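Once you scroll down, you'll see the structures, which are given as structure tokens.
First subunit A sits with subunit B, and in the next complex the same chain sits with subunit C.
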Partner chain A sequence: MHIMEGFLPLYWCIFWSIISFPFVAYGVYLLKRLAGEHRDTLPLLAVSGAFIFVLSSLKLPSVTGSCSHPTGTGLGAILFGPFLTAILGVIVLLYQAVFLAHGGLTTLGANVFSMAIAGPFLGYGIYRGGKAIGLNTFVTIFLAAALTDLFTYVITSLQLALAFPAQMGGIITSFTTFAAIFALTQIPLAIMEGIIIALTFKHIIQARADILLRLNVLTPDQVKKVQESIA
Partner chain B sequence: MMELYLDGYAQENGLREVDSRLKLLFGLGAILITLSSSTPWAPLFIAGSMAAVTILLAKIPGRLYFSLLLIPLSFSVFSAIVILFVSGGGAPLLTFSVAGASFMVTTGSANLALLLLARTFGGMCSLFFIALSTPMIEIFSFMHSLHLPAVVIDLSMLIYHFIFVLIGEVISIYNAQTIRHGYTSLKRSLRSLAMLGGMLFIRAWQQGEELIMTMDARCYDGKLELPGEWKNIKPVTVALIVSYLLLCSALAYSSASMAIF
Partner chain C sequence: MKYTLEVIAILAVILFAALFMIQNAGKQRTLAPGEEVWSSADDEASKIIESSGYQPWFTPIWTPPSAEIESLLFSIQAAGGALVIGYFFGYYRGRAERP
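Then we have the complex of A and B:
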């Protein structure tokens, strides 16, 4: 659930676009540099972007009955880091608006900030942190993916609360109300996404661990440990 | 997954021959007017007229269109209800209490909630117009003419290509899993979805590796060329679009003080 077209007032649309701009601009700079150094950057990032898009259009089994979609950006953050994920996120959000009628064009800046910047940054931080302290690989991936998803909706609630503060209690009351309503559907969804992404990684490690080694997502030791524990 | 074919409808819509810049002007102009309007009237007019243009002129099936409208419905109704109760201003309209907590709806909050519903529908109908009448490939040409970095446009085009490749993979894996009772319980669904995700990623990556070889074999030098062809712009169409946008702005301006409550 992204913020739909027409929902945010014009000045908030502009505000969030300005906030998102430096992150995306740095991502473009990084992308240009990488594409210059390695010829295979572009095709491989493209398949990953398409993968995120297709993943985010799959319906997850949801406990509360509403049909919900994963964000998929947690996976991007783990694989490519937050800045490249920001670019993939912009493109994926644009396609979601134009292909799936999810989100919108004027609310793109706000949605990019919540889904492609804030969430992935947190997820990337959790993944790096978990790896540094030697937490179990699957637990780390689960936490990174689930909290990326959850944090995206915390930021969305904040964006809605800033645009529409409550009469009594202002932004904080409004924020807790929005967050509480989103929590009904998003907490189960975040847990689902965490489990699915963690299991997805298991399949990738089993079949093509070399991809993860190449992207520097896992160390050879980790891969060996995981493959032994599966076998 | 049927929704994914919005682009397919756009490829063969009734307004295919109209220049995409004009269609973008029409849709984006209407969105901006919707956002600047302070009462629900202009957004509602835009929602109605956009729906009519999309169904009658672009010849998009009505049933598809109304099923699309259900997507923004849940989000906007949810959020509008929150705003109905938390924002305020004006005279109280309705006060009640549930389980010790009291709720109050005022004229100010009712007007804001209605305005947001109308704006969402005005905006979504305009977005649907763009989505259903302008094929993605023409939007790439437009992005190119805006001088966006070439590497970003190339990345977008490659992603666009792979989305369709991967959807094909998803459909076949999903069907294979479904006929083997892969989605009959929550636990099985989780297992099947994860397997689908993992396989999809691996196949996507292989496709990417193959693409590098194919592109190298065809002398790829880091830049994809884009056939940029613009269609003839008829003055009549421009006049119609400009007068429509002026009419909407006039409506938004003149109805600025006509609040419902």
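Then we have the complex of A and C:
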């Protein structure tokens, strides 16, 4: 989903940076509060960040014949919400832009918006929605994580379509072209990511259900149900 | 039902790998000389943009000088992340088993 360095016209770089900035700034505020009030949750935040590091470094082959990578942002979105996940995403995208020439500094705002804001927001919404209607916890997590991943690539396609509308057919034609490259390639990867994050979540519940309760990720009832189902 | 998720994950990985092996075998047979498969989706999008006549106006401040260096940096990224995940899961596990 990385838009390469210099591959967005300057005004779009500025536009996406301005859009992304408040989300990251609010994330920094939330991080300070989290570090003050819930210090014992910080290891889980580190794990969520580490997940993005690992998964976004794995370029996997897909059915379309090209390679892409999962995002790993679903775990952070479910556990800590989209704003804190935005910070984690910025760190990873900066590392890749500076050391790997993967993505870029000029396109950082756009890449942060797709991977660290838009995707996690959708995933967080799906998780909260699934929880509210009482959907099976693991199914909810699978859907949230997989769609976080997929939506990131849909947004990247949209960003490129807006910046480079096709001469014939404009933005919609252009979006179809980019979505065929990005979103289609991503479908099997998103499914894998959903399964892996659901599995990881099971182990987090086994290890520290108390933190999940405190972060209001799960209700005591849900924890009981899950623990019975995996006992 | 203790290991349902583990079983699903393993089956998914096997299916994913098998799909790739089969598809790759097919692709390698019909590959024209100089044609590339399994390239990055990011690069393919960049190519389409460049074919419209667009010139990137900024180049990366540093590019890994070879594929080896690039894979080194990607490995460091993955290893660092895996280290953090393993450390904290191990810590939680040990904590839970303490009397």
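Note that in this section the second predicted complex is superposed on the first by the 195 of 231 C-alpha atoms of A that agree within 3 Å, B and C clash if a C-alpha of one lies under 4 Å from a C-alpha of the other, contacts with A are read in each partner's own complex, and residues count from 1 in each chain.
The rule is simple: contacts are C-beta pairs under 8 Å (C-beta built on N, C-alpha and C of every residue); 3 or more make two chains touch, one makes a residue touch a chain.
Being a predicted model, the structure only gives us computed values, none of them experimental.
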Touched partner set for A:217, first subunit B, second subunit C, both or neither: neither
Which superposed partner A:77 touches (first subunit B, second subunit C, both, neither): neither
A:93 touches, of subunit B and subunit C: first, second, both or neither? neither
Which superposed partner A:229 touches (first subunit B, second subunit C, both, neither): second
First, second, both or neither for A:192, with subunit B first and subunit C second: both
Partner chain in contact with A:6 - subunit B first, subunit C second, else both or neither: both
First, second, both or neither for A:138, with subunit B first and subunit C second: second
Touched partner set for A:47, first subunit B, second subunit C, both or neither: both
Touching partner for A:202 - first (subunit B), second (subunit C), both, neither: both
Intersection of the subunit A residues that touch subunit B with those that touch subunit C: 1, 3-7, 9-10, 43-44, 46-47, 49-51, 53-54, 57-58, 60-61, 66, 95, 97-102, 104-106, 160, 164, 167, 177-178, 181, 192, 195-196, 198-199, 202-203, 207-208
Residue numbers on subunit A that touch subunit C, as the complex places them: 1-7, 9-10, 43-44, 46-47, 49-54, 56-61, 63-68, 95-102, 104-106, 138, 160, 164, 167, 177-178, 181-182, 185, 188, 191-192, 195-196, 198-199, 202-203, 207-208, 229-231
Partner subunit B, residues of subunit A touching it in the complex: 1, 3-7, 9-10, 13, 28, 31-32, 35-36, 39-40, 42-51, 53-55, 57-58, 60-61, 66, 87-88, 91-92, 94-95, 97-102, 104-106, 160, 164-168, 173-174, 177-178, 181, 192, 195-204, 206-208, 211
Touching residues on subunit B, where the partner in the complex is subunit A: 1, 3-4, 6-7, 28, 31-32, 34-36, 43, 68, 71-72, 74-76, 78-79, 82-83, 85-89, 106, 108-109, 112, 116, 119-124, 126-128, 130-131, 136, 139, 149, 151-152, 154-156, 158-163, 165-167, 170, 183, 186, 189-191, 193-202, 204-205, 207-209, 211-212, 215-216, 220, 222
Complex interface listing, subunit C residues touching subunit A: 1-2, 4-6, 8-9, 12-13, 16, 19-20, 23-24, 27, 37-46, 48-49, 52, 54, 56-64, 70, 73-75, 77-78, 80-85, 88-89, 91-93, 96
